[in-house]
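Sharing a structure here in structure tokens format.
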Amino acid sequence: MTFQEPIHDVAQLAMVEIFTPKYEESLNFFETFLGMYKQAEDGKSAYLRAYEDRYHHSMKLTRSDKAGVGVISWRAMSPQALERRVAAIAASGQPGRWVEGHKGYGRAYEFTTPDGHVNHLFWDVEYFKPTEAQRSRLLSRAQKRPLSGVPVRRLDHVNIMVSDVTKNATFMQETLGFQKRENVVFGGKDELACWLSVSPLVHEIAMTKDNSGHGNRLHHLAFWYGSQGQMLDIADLLKEYGLHIEAGPAKHGISQGYFIYFYEPGGNRIELFGDCGYLIFDPEWKTVTWDETNFWSEGGVWIGGDLPQDFFVYGTPIVEAAAEAARAAEVEPAE
Amino acid sequence: MTFQEPIHDVAQLAMVEIFTPKYEESLNFFETFLGMYKQAEDGKSAYLRAYEDRYHHSMKLTRSDKAGVGVISWRAMSPQALERRVAAIAASGQPGRWVEGHKGYGRAYEFTTPDGHVNHLFWDVEYFKPTEAQRSRLLSRAQKRPLSGVPVRRLDHVNIMVSDVTKNATFMQETLGFQKRENVVFGGKDELACWLSVSPLVHEIAMTKDNSGHGNRLHHLAFWYGSQGQMLDIADLLKEYGLHIEAGPAKHGISQGYFIYFYEPGGNRIELFGDCGYLIFDPEWKTVTWDETNFWSEGGVWIGGDLPQDFFVYGTPIVEAAAEAARAAEVEPAE
Amino acid sequence: MTFQEPIHDVAQLAMVEIFTPKYEESLNFFETFLGMYKQAEDGKSAYLRAYEDRYHHSMKLTRSDKAGVGVISWRAMSPQALERRVAAIAASGQPGRWVEGHKGYGRAYEFTTPDGHVNHLFWDVEYFKPTEAQRSRLLSRAQKRPLSGVPVRRLDHVNIMVSDVTKNATFMQETLGFQKRENVVFGGKDELACWLSVSPLVHEIAMTKDNSGHGNRLHHLAFWYGSQGQMLDIADLLKEYGLHIEAGPAKHGISQGYFIYFYEPGGNRIELFGDCGYLIFDPEWKTVTWDETNFWSEGGVWIGGDLPQDFFVYGTPIVEAAAEAARAAEVEPAE
Amino acid sequence: MTFQEPIHDVAQLAMVEIFTPKYEESLNFFETFLGMYKQAEDGKSAYLRAYEDRYHHSMKLTRSDKAGVGVISWRAMSPQALERRVAAIAASGQPGRWVEGHKGYGRAYEFTTPDGHVNHLFWDVEYFKPTEAQRSRLLSRAQKRPLSGVPVRRLDHVNIMVSDVTKNATFMQETLGFQKRENVVFGGKDELACWLSVSPLVHEIAMTKDNSGHGNRLHHLAFWYGSQGQMLDIADLLKEYGLHIEAGPAKHGISQGYFIYFYEPGGNRIELFGDCGYLIFDPEWKTVTWDETNFWSEGGVWIGGDLPQDFFVYGTPIVEAAAEAARAAEVEPAE
């Protein structure tokens, strides 16, 4: 039988929108602590970039009554690739339609996953153009490294909470060509989480089972440092200024990522990724599956403290059970 | 006009063969200082792996009267991709033929670049299978992390010295689908170096102009750490034990790689790559071009000491002019 | 009233003896994973040094039926200082006597603390003399950096479990001139731990309340790296090879030390110190006191995972209650 | 003969005054890039602290027509120690007098070294008292870690350029009890530099021979990070914003310090110290002497790029020859 060739039609996770009930505090946090640049702002949203992100923005921060995730935007590998994927999504039966006028990119195909997460796939994009003062002396750097906080370098991945991991992952694999790099399966049948990518990265998107019954939530949004030392520096700042660090700095077995998880002021969980993890170049990669015999001892955390109960229940929007667990873990913010 | 879709037919740099006139010393160095595993050995060659390399070997170390580079082996993205690239190479007029029986992989297409470097492209590969004692508790790690030296994680890239950078790069771009990520062009016309990749990495192969007139030489072979601190640790060991460190630890502007260059006992320049550099996900990436106005001040080295004259003339096999420069820089080895 | 001048009569913690019921496994661990040198060995003990320790040895590893701590040896600041401290100890009423012939140093004054820990104070010491092959090219380094594991640089401190922290600390302060840099006091009266030093270091010796009723035990022995990255490297090795990591890498609020705690094969808790912590130069330093309102949230761990229950009960020799807690936490050693 | 006991009467380098012809630019630099706090300011000077410095200030930045060093202020170990040292200085024949009213400390003894550097020795000091908003949650930290730049932790040492190294070092040793930890002697007689300390640090003050004939100049003022990664971060910022990095990040053999040298906007050389170096606890320490056979290969730089010619000639105030060398090395500041 013939080897099925991989699909290379989705280039990257380009932008993610998150909702915040504390818009000013959230915006100030991303600017001051993570050194992100506010590229644009309208009455409802701010458009932010990490200093090595190349497009108009990589995160859209939107006022809302609840925290959570909005549109997840992907860039196609080519105009032709965009058409191919749109055809595949349409064939899948999941609802979709072409939309216009989103800030930062042109005509996009909007579709929802089985769990209801809204995604955009587009080709035409608006590049960030630095002013003379913003231009870096490092030609491959989109913008000067900022002076505030411990600045993140680029958007890395998004982790969504879904009612059915296998079903939603299959949709992303079959319609968009994602490959399942790692997953967690307990009892030989219950898929609790998985990590999917269209590149050598272990994941641009991951899925965590939502046990709250709510579904369609955000587990976390992740930005990238690639440096171990910067993780201790940002953790020091978060601790000093009273942000709630949920876990880390520590190293996952899964993805080999050196991580820290905390809640931004609006309540969304943010991950900072301070290692290179590992890269997958093998085209015959077999999904690495963790189970109850090794997830707790090596997979969840390879080096460093444990993942708290919160990590497995808390997501945004917050649902009560999770909220209680989260409140229980809340630290007293310093004035 | 329509956007030309990128080619995704070459998956990765899989293996590189280097020649050494000091086989035992070289072998001992790679095992003791870089923690590489000797997977196999025959009368003529040793087959070595970094502990996160997944195939039978990633470096073939071969006895020879002179240092230098042998076969550069690439894995295709699929059997179909292999056939497509073979057709393109054949169409290019460069000589090529199918070869069998190379240790570590099956039937391969052997071809030479315009400058004469010998390459293999293959699909069927032999995976490394750890013994019980070698198996890592980290499921995505091919083998236990070794206890000796500062062990490298994987083969990263090869940099070859060629008589004509543009001509050889064009061959790799047109026949194999490499993209030119960065290059150095002085006087608006003389291409002195370029960095090519088939993945988000800035390069799996780079080319440096060989001014010695020899051509078809090795500039360096690079292994990957991804950790800044390990660079200081390996540099400390190299200095203690009298290896010649040519440059670094320092950070290139080009590739943003945190590097160290030194000569292994056989005389081949080895680079260790201790940073993540940056990754390229933009399918419309435009080659970043450095020139005489910024190469010396930012491109060659962004942070840290300068690149010595050796760096621009020394390669293997050693040709006299370069050899003199190298000898001049030689440090007294400690007993 | 006049300011009481500090006493500067004790120069440093020079050597510590630990007992192990698994002599060969312990010896192999310290040599292979921590890169320590076996300077001498007799039927009963091995004498080990970190590569930047300057004397004959810094740790004496002794065969025993139980794990635990033996003699704690201090070097005086001068021969005169030795006499002054001996007079002060004698005046304190604690038993003491001059002893001869301990390997590594000359005539020493042996005394016991109120809790029964045996200490030596000496002046004449035997320096380590490297062979030509062992001599480092770095003149301030006692010996070449070793090639095995992630080598520790020097002995840092010892932490002992005592029945009465205040009483034993007072003895060290009044007779030897230690200063209490930090302590933990709950309920405004119960001193649970303290950190004492005779130098700008926060501690050469620390004391932890022994709730087992046993007393006179070892909490941990600590070696120094001073590098954050090396902590992740040694943790990776310990995890790979099945050693029990109790906590860390993480950062204490107390001492600001970046730590990792694990049990060597003989069962003794070892700490590796991967940060500089902070240094105290202020001669009017006031003891920093942590209580129940800030010890759990900032003092015990400033950055990273929590300290497990084990940390507060387990010591050597092992007493049952603690042993159970320890066994419960035991991981499955890898083959 | 009896062992001469060490003197422990000087506790620490407390404050250093530097002059700048570009007061506003210098002040902005120390606040924005090094995260220093402006504790006070009068018409002529600003008083700055690193966030872990415990007194009113550690650096006094003073308007002047030329760059250079002003008063170097030391804290005594006790009031009695202050009197003892004053008596020793007076006995030495070097001019001295009691002065009052310097901001940050009380009555001080002002004296000049043979080369003319002005020093203060004092006991009574004004401690920094954080406001509620400035108070750190880490009890041993004087103030919250700042959010701007890569903040330095504390003042580390000063390096002065003198006409006669041996003569000036001898004065510091005999009158204040400094110990000579390392030095550089070429040709067996010409002492080119030395490192002196009153603590386990390798130096609180160092001396470099001034070949310009001027003497009484500043070679550099050093602040401390203790983290290797932060050195790459601050170097990245300096490079981005056009400051002149003279050397590093690299590791000295002497002091084992991981260093970076650059010129602040006023022209004074600043060193950032990103490693722990090594600490000296041996009371019988013998001065480590480097000569022409090992200074260039190991002593000056152990790991990393070379020290440029500037390093050996440039100091402040700038004298012509040195100025030319410095201008030659000047990079184009980015807008």
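By written order: A, B, C and D. Residues from 1 in each chain.
In this text, contacts are C-beta pairs under 8 Å (C-beta built on N, C-alpha and C of every residue); 3 or more make two chains touch, one makes a residue touch a chain.
Remember, it's a predicted structure, so these values are computed and weren't measured experimentally.
Looking at which of A-D and C-D shares more C-beta pairs in contact, the answer is the pair C-D.
One simple way to say how far apart two chains are is to compare their mean CA positions; for subunit A and subunit D this gives 45 Å.
Averaging Cα coordinates per chain places subunit C and subunit D 32 Å apart. The set of subunit D residues that touch two or more partner chains comprises 137-138, 227-229, 232, 236, 239, 297-298, 302. With chains as nodes and touching pairs as edges, the resulting graph is complete, every pair of chains being joined.
Per the touch definition, subunit D reaches subunit C in the complex via residues 2-3, 5-6, 8, 11-12, 52, 54, 75-81, 137-141, 153, 182, 199-201, 226-229, 253-256, 275-276, 278-279, 281-283, 288, 290, 294, 297-299, 302.
Per the touch definition, subunit B reaches subunit C in the complex via residues 32-33, 132-133, 135-138, 144-145, 147-149, 227-230, 232-233, 236-237, 239-242, 334-335.
In the complex of the two chains, the subunit B residues touching subunit D come out as 228-229, 232, 235-236, 239, 245, 247-251, 258, 297-298, 302-306, 331-332.
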